[in-house]
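Two complexes, one shared chain (subunit A), two partners (subunit B, subunit C).
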Partner chain A sequence: MNFLEFTPALIVAIPLFGAFLTPIISKINEKARNIFAILILLITSCLVFILTQDVFANGPRTYIFGDSNLALPVVRILFEVDGLSMFMAIISITLALLGVIYSWSFMKENDGLDKYYTLVLLLVAGMLGMEFTGDLFNFFVFLEISCITSCALIAFYINKGESLEAAFKYIVISAIGALFVLFAVGLFYAQYNALNMATIASVLQFGFLDKIALILLIAALGMKAGLAPMHMWLPDSYGEAPTSVTFILIAATQASLYGVLRILFTIYGNAFTNIEFVFSSAIIHWFIIGLALITILIGVLMALIQTDFKRLIAFAAVAEIGYIFLGIGVGLTSLGVGYGKTALEGGVFHIMNDAFDIGLLFLIAGAVYYATKETSLNKMGGLARNMKYTAVFFIVGLLAVSGLPPFNGFVSKLLIYESTYQLNPIIAIIAILASILLLAIFVKVFYSVFMGPELPNLKDVKEVPKSMLVAMGAIVVIIIIFGLFPNLIINNIVQPATNALVNSSSYISKVLSVVV
Partner chain B sequence: MEIFDQLIETLQTGSGFWNPIIWILIIIIAFLLIYVIRGFGKKQYKEKTGQIQSFLSGNPEYEKEQMKIKSSNIYWGFTEAMKWIYDLLRKMHNGNASDYVLWFVIVMSILSVILLLVGMVG
Partner chain C sequence: MIFNIPFIAVVAMIFIGLYAVLFKRNLVKMVIGIIIIESGVNLFLITLGYRWFGENGGVVPIFTNAPSEAINNAPESMVLPVPQALTLTSIVIGVAVLALMLSLVMHIYKQYGTLDVRKIRRLKE
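And then the complex of A and B:
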């Protein structure tokens, strides 16, 4: 019996099991509970990295629940992991682990932390489940798990009306989105008597109902991923949730983005390359590029007028999602052309860079809140004197998110700009100008928070505790390494993910080969 | 050895390239040049004299705390020039959950119209 056979299931099962054990361990000791949560995520991280190595070396791996054989119709729960799944899992588990380390000090003054850690571990299980499942209905179930846990975590500051309002909006949006996903799953099941993604992809006709399902899935998952003009829930939720939760929520949002990729490349990939549907596929691809541009512009313009630190970063996060979709859209439009692959690599690499860059900025906003109990940029200033490490981390974050060399954001944006320029120079110029505006916005934030004279009410501010500095420092190290050695990351992590997207046949054939 | 090769490898972007090591070398050279140019500065500079006082077009200098420009006032000119866009964007971001759902319906409708009607061609 090969241990690796069970790793896809274990990666989801361990945080799930940990979530149910956390309240019990919390009864023993609070410190033990915190260590337990970190330990659970460390074990899951190790399994993710072991499985990543295996998948990158040997191709997709499947795990069938309940039986080793599959029979038609394929309705059994099945996990199938390929390069893209592992790429997303690396992001999710890294953010979750660093988020929990950060929480140690950040959340220590709050009550109800047994529930907090339980919900965080459930959220991790939900995200990883979405990224690992090969079954569309199962994807919906994990989506629901992540939505409900996210909602509860957003409402964690239960004494704040704004948090409750943000959580309410989040659950409304999530429930409607999930309902439409379920409707699309129903359409597939009604037509093909299958729920398995690979099976559906292999028999998809791209008829009227398939087009309806595509519309529902793109709109619903695009909204969950923060695509404009359906992004409004994102600044509300990101802005009001505890910072450590916002940090992990980035990964949850990206799990929906993963869903969009899986739908576009794996399920509809063959239909889009079919000459018969050339107009329909072109419409979808240009629609994505159009929405990406709107997302970038709305995100950047709205970030400029924000005075709340976290809300400003949330709008910047919206803009970054736009860049990811721009890379993916250009990649889809020109898949057969050389720059199409470059665009796709840029888009996929930017998923990872966005998670770390925006994540770092959120952690810094949380650190500033922890030290000053202030979120309004108008009421801050001169903090670099007392929060030297945080100030330096912010400089790295602002340069990375604005796409300045030699940080990670530059590399992925360069790939996106160059390939977009070859498709349409005007789109590339707009994207570059928006990035310059993003730099201007974060320079303003740096000035407002860290520079200027020391304000009388902030004279006694101290640097944040070590656990928070460790989490932020770890991301800074990742950002610098990714920026200085981009080939190392692109060749070993990004390309397996893009190859999995482009060559969806290996994903499809892996399942079909085990069907009896 | 293969990893070392990847560390120093130049990233080819199709029509261009990017090598951070070269960029860092250029930055180091730039900083050295700045340092050399700085060396040509006047050495007679005196601290705590009138030499360090700011000149604000003849206006009196306020206390440092009063000189801080608030975050909401920075880029005032830009936001004023783009007022029409911001009026539109503020209306869009009204915080009403029903409107959030409305935008979802609008996007879905536009995509449906385009894909189902125009897509009939192929």
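And then the complex of A and C:
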């Protein structure tokens, strides 16, 4: 019991500690450094697993930094974990672990890898911190940690102009976004003299300044999550970063998505369910649904015309973000109604499925790049002859991402279609059509990369090394299990997360009982 | 009115910074724009914590060292320490972001030979 009390802090502290130890370990030799990074993430994922079981069984858990007898309630730094935090932490740590395993062979030929592993571990600490913190200012600090580290990782190929350009775009967007978040934190502090989310949520008036703060927070975090009008940084940085980094960046993007959920449902949760504000908040719900539809359409239509393998997948990732926001938006509009909860479940489950499906496709694009040193789709062909496993994995990925039955994408997309249809059939039809288009795009990609005649310059392509196959294979196994036993996953992992979203009162009262 | 001047300055700084980021062609000027926004937000936090005590302005938030008249008559005249702590943290983070941005600008200049955003367009649409 005593040990469990410290786990929320340890889960963030261990990667942070490991990050600063990595340069020292890498003095020994390269293998020790790689094993050390994997070991740190393994320990962290064990802790996440233990904490998840406890939180799902016993409800939210808090950890307060510093002396527990100090009588300064509002300014304490505290971590609070509930179902949603743990759900996101599982995704982040799984992606980070598989990404580090993948980069063992993928990044082998580059130098400067001790810095690479340091930054990856810092990025993991940053995003886990975003997911665990119960304090808005700390959220800003962890947001900046993940921004800085991911920007440095995007610019890893520093001799390529494109990756520098993408990294500069990313840092401009995220620096401005983070400053908006800080401004909104200031607005909250000015009114309520509090910084932690639960205290703010319990006294929120939903006045004029709160509306400004809501707009700033949603704009900034939506921007970082890749919502439509501000999605343009996402294909650039996903496309130009090393593939293993792109894979972990998906988790960092979703940590911002977690911020959106936390703000909409916990901080503004009471205001939205209050009948007086139904009119003013309904605008926000429809706004989110509208942006989600635009995101889906832009993502799919732009993916259609891409010739670069990774950029194409990146635009598909934009579309998938749109599906998540569609589920969340429909869930918000009809929070009390039966299908509202279905939509929310679909949206939350799709966060996980998006991470694994799009992640798998990115890893395959990386594997193809590793084997052929080509990124343009026009210069590839006939790779299925030599890269059998990768080709099979790609079939799984393309079916899962376009939402076809035996795989996980089908389950969450069906939940979203079902509930959206009850709200407004036209939206559901648009979403389904976009999904079909996605299937068409990826079938085309499959044909041009893996099928067709053998190209003379790609004759002696070999299958990728084992560590990359292990990472891809693990995701394929996860995808198939999720697709075959959706009820098991929804009941055991997704529902605690959606319950935590809908019943924000347990999150709020937990902090109030500890702090005041 | 005089109390509102810092807030007007904050809004002005944020908009000047946004203008620089959106409309300036030079990468270094864009970086300066972001730093102006950051200073505006920091000024906002500091102004939030400031308190007025008669003609003399605020009192330093050290309880053992405050003038006795301030403690007895108007304890609320003490400047809030929390926003100052927040501002310090935010300044430190801002320096890190600034350093990273400037080093990126440096490398971009090495690769492209220019700082004009219209010419730095190797990424496809």
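Going forward, the second predicted complex is superposed on the first by the 509 of 516 C-alpha atoms of A that agree within 3 Å, B and C clash if a C-alpha of one lies under 4 Å from a C-alpha of the other, contacts with A are read in each partner's own complex, and residues count from 1 in each chain.
The criterion applied here is as follows: a residue touches a chain if its C-beta (ideal position, glycine included) is under 8 Å from a C-beta of that chain, and two chains touch if they have at least 3 such contacts.
As the structure is a computational prediction, the values presented were derived from the model and not from experiment.
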- [ ] Have a look at where A:F208 lands relative to subunit B and subunit C in the superposition and call it first, second, both or neither.
- [x] first
TODO: May I ask you to decide whether A:F287 touches subunit B, subunit C, both, or neither, giving the answer as first, second, both or neither?
DONE: first
Open item on the list: Applying the document's definition of touch, where does A:V172 land relative to subunit B and subunit C: first, second, both, or neither?
Closed with: both
Open item on the list: Contacts for A:L438 in the overlay, against subunit B (first) and subunit C (second): which applies, first, second, both or neither?
Closed with: neither
Task: subunit B versus subunit C as contact partner of A:L195, first or second or both or neither - done: second
TODO: Report for A:L415: first if it touches subunit B alone, second if subunit C alone, otherwise both or neither.
DONE: first
TODO: Between subunit B and subunit C, pick out the one touching the greater number of residues of subunit A.
DONE: B
Open item on the list: On the A-aligned overlay, A:D236 touches which partner chain: subunit B = first, subunit C = second, or both, or neither?
Closed with: both
- [ ] Could you list which residues of subunit A make contact with subunit B in one structure and with subunit C in the other?
- [x] 168, 172, 176, 236
- [ ] Can you check the complex and tell me which residues of subunit C touch subunit A?
- [x] 14, 18, 21, 27, 30, 34, 37-38, 41, 44-45, 48, 82-83, 86, 89-90, 93, 96-97, 100-101, 104-105, 107-108, 111-112, 120, 122-124
Open item on the list: If we count contacts the way the header does, which residues on subunit A are in touch with subunit C in the complex?
Closed with: 75, 137, 140-141, 144, 147-148, 151-152, 155, 158-162, 164-168, 171-172, 175-176, 179, 182-183, 185-186, 189-190, 195, 236, 239-240, 308, 311
Open item on the list: Looking at the complex, which residues from subunit A come into contact with subunit B?
Closed with: 168-169, 172-173, 176-177, 180, 208, 211-212, 214-216, 218-220, 222-223, 229-230, 232-233, 235-236, 276-280, 283-284, 287, 291, 298, 301-302, 304-305, 307, 338-339, 342, 377-378, 380-381, 405-406, 410-411, 414-415, 418-419, 421-422, 440, 444-445, 447-448, 452-453, 455-456, 483-488, 490-492
Open item on the list: Quick check: in the complex, which residue numbers of subunit B touch subunit A?
Closed with: 3, 6-7, 9-11, 13-16, 18, 20-21, 23-24, 64-65, 67-68, 70-72, 74-75, 78-79, 82, 85-86, 89, 92-93, 95, 97, 99-101, 103-104, 106-108, 111-112, 114-116, 118-119, 121-122
